[in-house]
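We just call them A, B, C and D in the order they show up, numbering each chain from 1.
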């Protein structure tokens, strides 16, 4: 049963600079932030290490931090430039009964995160959903396709309305001849 | 070989047990009720169609703000000081003409979030659940008691009243400037 | 020269009598043997997460009802606990007791639908109607308390929308005594029926490591023999005060972790829920259920992940709040969404008829899968 | 009966027509009451009320269904193999209706006293398989093809246990003609084959257990031949939507339903003839006691229909209790359980009949 600080110490000792820091003030749970392209190695370590044993990924959620600055793109829609997307991994160890949250933030222009699919199989669909709704690319994911939105959503939508959960999302006018706005 | 006979015996025995139970159910009376003739008595906290008691409504817009699907539209017009709008049942003096109070029951999700914040408890849920329509627009219920012309007339009064007030204010603003001029 | 054979792609499409909602399974079959199953989702996607970002905290509760519409009380409970943990609200005892009783009643009602439709998929239509007759009792008890039969909007952040109805306690006790013999009847009619056993034993065996690796939870995980129940291992509200054991698949009729085990775990779980209700029903303290409800819910800036034992598994809410009145991001970890991933692994090499039995035993609800 | 009408009318064609009309009327009545009874029995078993809106107690429900079927537009899928598609329902119906030629409704009312009646019935009822395969293949729908393949395997493999049990009965009675078999089980119920046949003596008591086993086997296998639960795999609602008749609607679909209920009655008639004394009443005839000679055939017809309907009710009762078997379990049940038991039963009955 390890507290968040010991886990952070172990990770810091193991990976050095790719662990960016621990954030304890914001309420309810301390969050360890990790460099997006090292997340695969860190997760493999988190799972294999004998006194960590995080064998079940509870939830993987992509969040649009919307911390860029607002500008207008070519055809006048208001979009957010810069800023980050972050992906939170809530991990839990069934055997040792401790929990930790890992945060990874990538830039908004070309969001790339290492996929943890072959460490925890349940991440497969969570990552596909994060890609589908937010547009975060997960490198070497077996089949990164849309999962919830219709498959041909890209043909009918402009750049701004491609991923619905982005803060600057705008409804497309028509989808296959059907009027989208209610 | 033993497994073979056990399977046959289990096969026959469990089928007969199942049949005994269904045979027993052949004679138990039906549990279902004949809906249109026999109606189920609904509990009094039932949440079906909303009803707004318009003479209690003070047009405070609390319910339309609380509604998650925003299916309540209210438009009000301020009353001129002279007019008397009557008093709500719990003694509050009404100050706004409610010209439009529409609830769109096609969008309403019957979550009862609008009933709690209402100060005069004029919006509450009845237990009527058979109000299906052929045309979706008929599901938009208009609760406002003012007819079209009255609403127009109230609006005109109010505009006229604000125009007069504007004029007086302008005049008042103009007057002190003269005083300053006169004073300086 | 080998005969060139091609797999026939059978489309168990969104409109099919036994896919528990609008799920499309693309089966690659060879004769009757299924080689590959690829589920296609998204037919019931109603953008719950986008809606939640535009609503205030208390307005999201009716939306959470519609996630897993067969167990809406535990959806509300999960969301309410998450926001309460974020704001650090302490809820009075009476609310805790009523929440436990209500979510256990809801668990029984949801298991009744799960077992009924699992039996109907395999062909036994009569138990389905008997179980719905029993479920009617629970729905009328809840309807008397909060006015709605399925989508309650009952558990709010910090309390409840209505206090329990005066004869709620009497009716629940009546239901407990009424329900015990019907479980025995169901056992004889379906559980030990040779044809039902033949159709479900040794079918869709979920080994332990794939279960944990795929993050399966709830009866699907416990069917494979792992004693993991959030009410016991990660206790929330006041579950640690009641003693109940966690039924686990033991492979009575075949290997551990087959369809029959998952089905049987659900029946024993219903009995355990009855035990919890009987322990809780007599000690409901009095008090005001709406005392701890904050006038204006404005949680501090931060994130929270709270999980609850929904009848289908581990339902988790990950809420990011930026200090304003509207939640910044609400992510729902739906148990059916994760359990459905196991289906691809589970269905290799079985017959078309088994796919239906396996899908019925995993018990998914598409409202929760597609959000 | 043919002779009676031939004397009446004089020319052969008219007489055969009248004789053929009797079973057709019976099939229609069976379908009419069968559909209604199916809904009512399932309702009572499931604590429901069942149809009660059309006419008193919902009696005209099947008539309403029939009218609905009539006025339904015969929508067919785009590229179906139209010739096979149209022949299939006719073939399936003739397959099940032709079995009535040899079935004696009463001593007077019998289609053709063919010497090889039983052999003819088993042969003709496998015509249905052809029809089902045609329906499944021609409706150009994967589910129908699957359903048709399953039902072909099922009906063919379940004919073997039926044939073996029929063989054991024929060994006992010595004749293949259904009329003679039922005549052998005259008078009271203890003379029925299920209780060891007519002659008194040690063989009668020895036969009883094997006759009961024979009855169970033939009842199960005829249940499978008619595609009734727990063997309704070809049209498994929860897997194959509706199996081979998914693409049919309107009158063509009604033909399939008609043949299903016709088949059900034919099958339960055969079982009652072989084991339960055909048209003989268990407690003697009123006609004899009162001395009215012409009443007996009507009484016999009544008892025959009563036994037929009793078995149909048992089939319905089974349908609403049991889940459905899988295709390979169905095959293993037939080949690994029913056929071995049937053979053993055959040998033992053969030995006993020699005593």
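By definition in this document, a residue touches a chain if its C-beta (ideal position, glycine included) is under 8 Å from a C-beta of that chain, and two chains touch if they have at least 3 such contacts.
These numbers were taken from a predicted model, which means no experiment stands behind them.
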Between chain A and chain C, the fewest steps along chains that touch one another: 1
Selected interface, C-D versus B-D, where C-beta contact pairs are more numerous: C-D
Mean-CA-position distance for chain D and chain A (Å): 64
Where chain A and chain B are represented by their mean Cα positions, the distance between them in whole Å: 40
Chain B and chain D: spacing of chain centres that average the CA atoms, whole Å: 60
Length of the line joining the C-alpha centres of chain C and chain D, rounded to whole Å: 45
Set of chain D residues in contact with two or more other chains: 45-48, 320-322
Numbers and ranges of chain A residues touching at least 2 other chains: none
Numbers and ranges of chain C residues touching at least 2 other chains: 126, 130, 133, 189, 193, 195
Every chain pair in contact, whichever chains are involved: A-C, B-C, B-D, C-D
For the chain C and chain D complex, residues of the former touching the latter: 8, 10-11, 16-18, 32, 119-126, 129-130, 133, 189-190, 193, 195-196, 198-199, 351-354, 356
Sites on chain C touched by chain B in the complex: 55, 58-63, 65, 126, 130, 133, 136, 143-148, 151, 153, 161-162, 165, 185, 188-189, 192-195
List of chain A residues in touch with chain C within their complex: 26-29, 31, 55-59, 61-64, 88, 90, 94, 97, 101, 120-122, 124-125, 133, 146-150, 164-165, 169
Parts of chain B lying in touch with chain D, wherever the complex brings them together: 4, 7-8, 11-12, 15, 18-19, 21-23, 25-32, 34
Chain C contact footprint on chain B (complex, rising order): 7, 10-11, 13-15, 17-18, 21-22, 25, 31, 42-43, 45-47, 66-68, 109-113, 116, 125
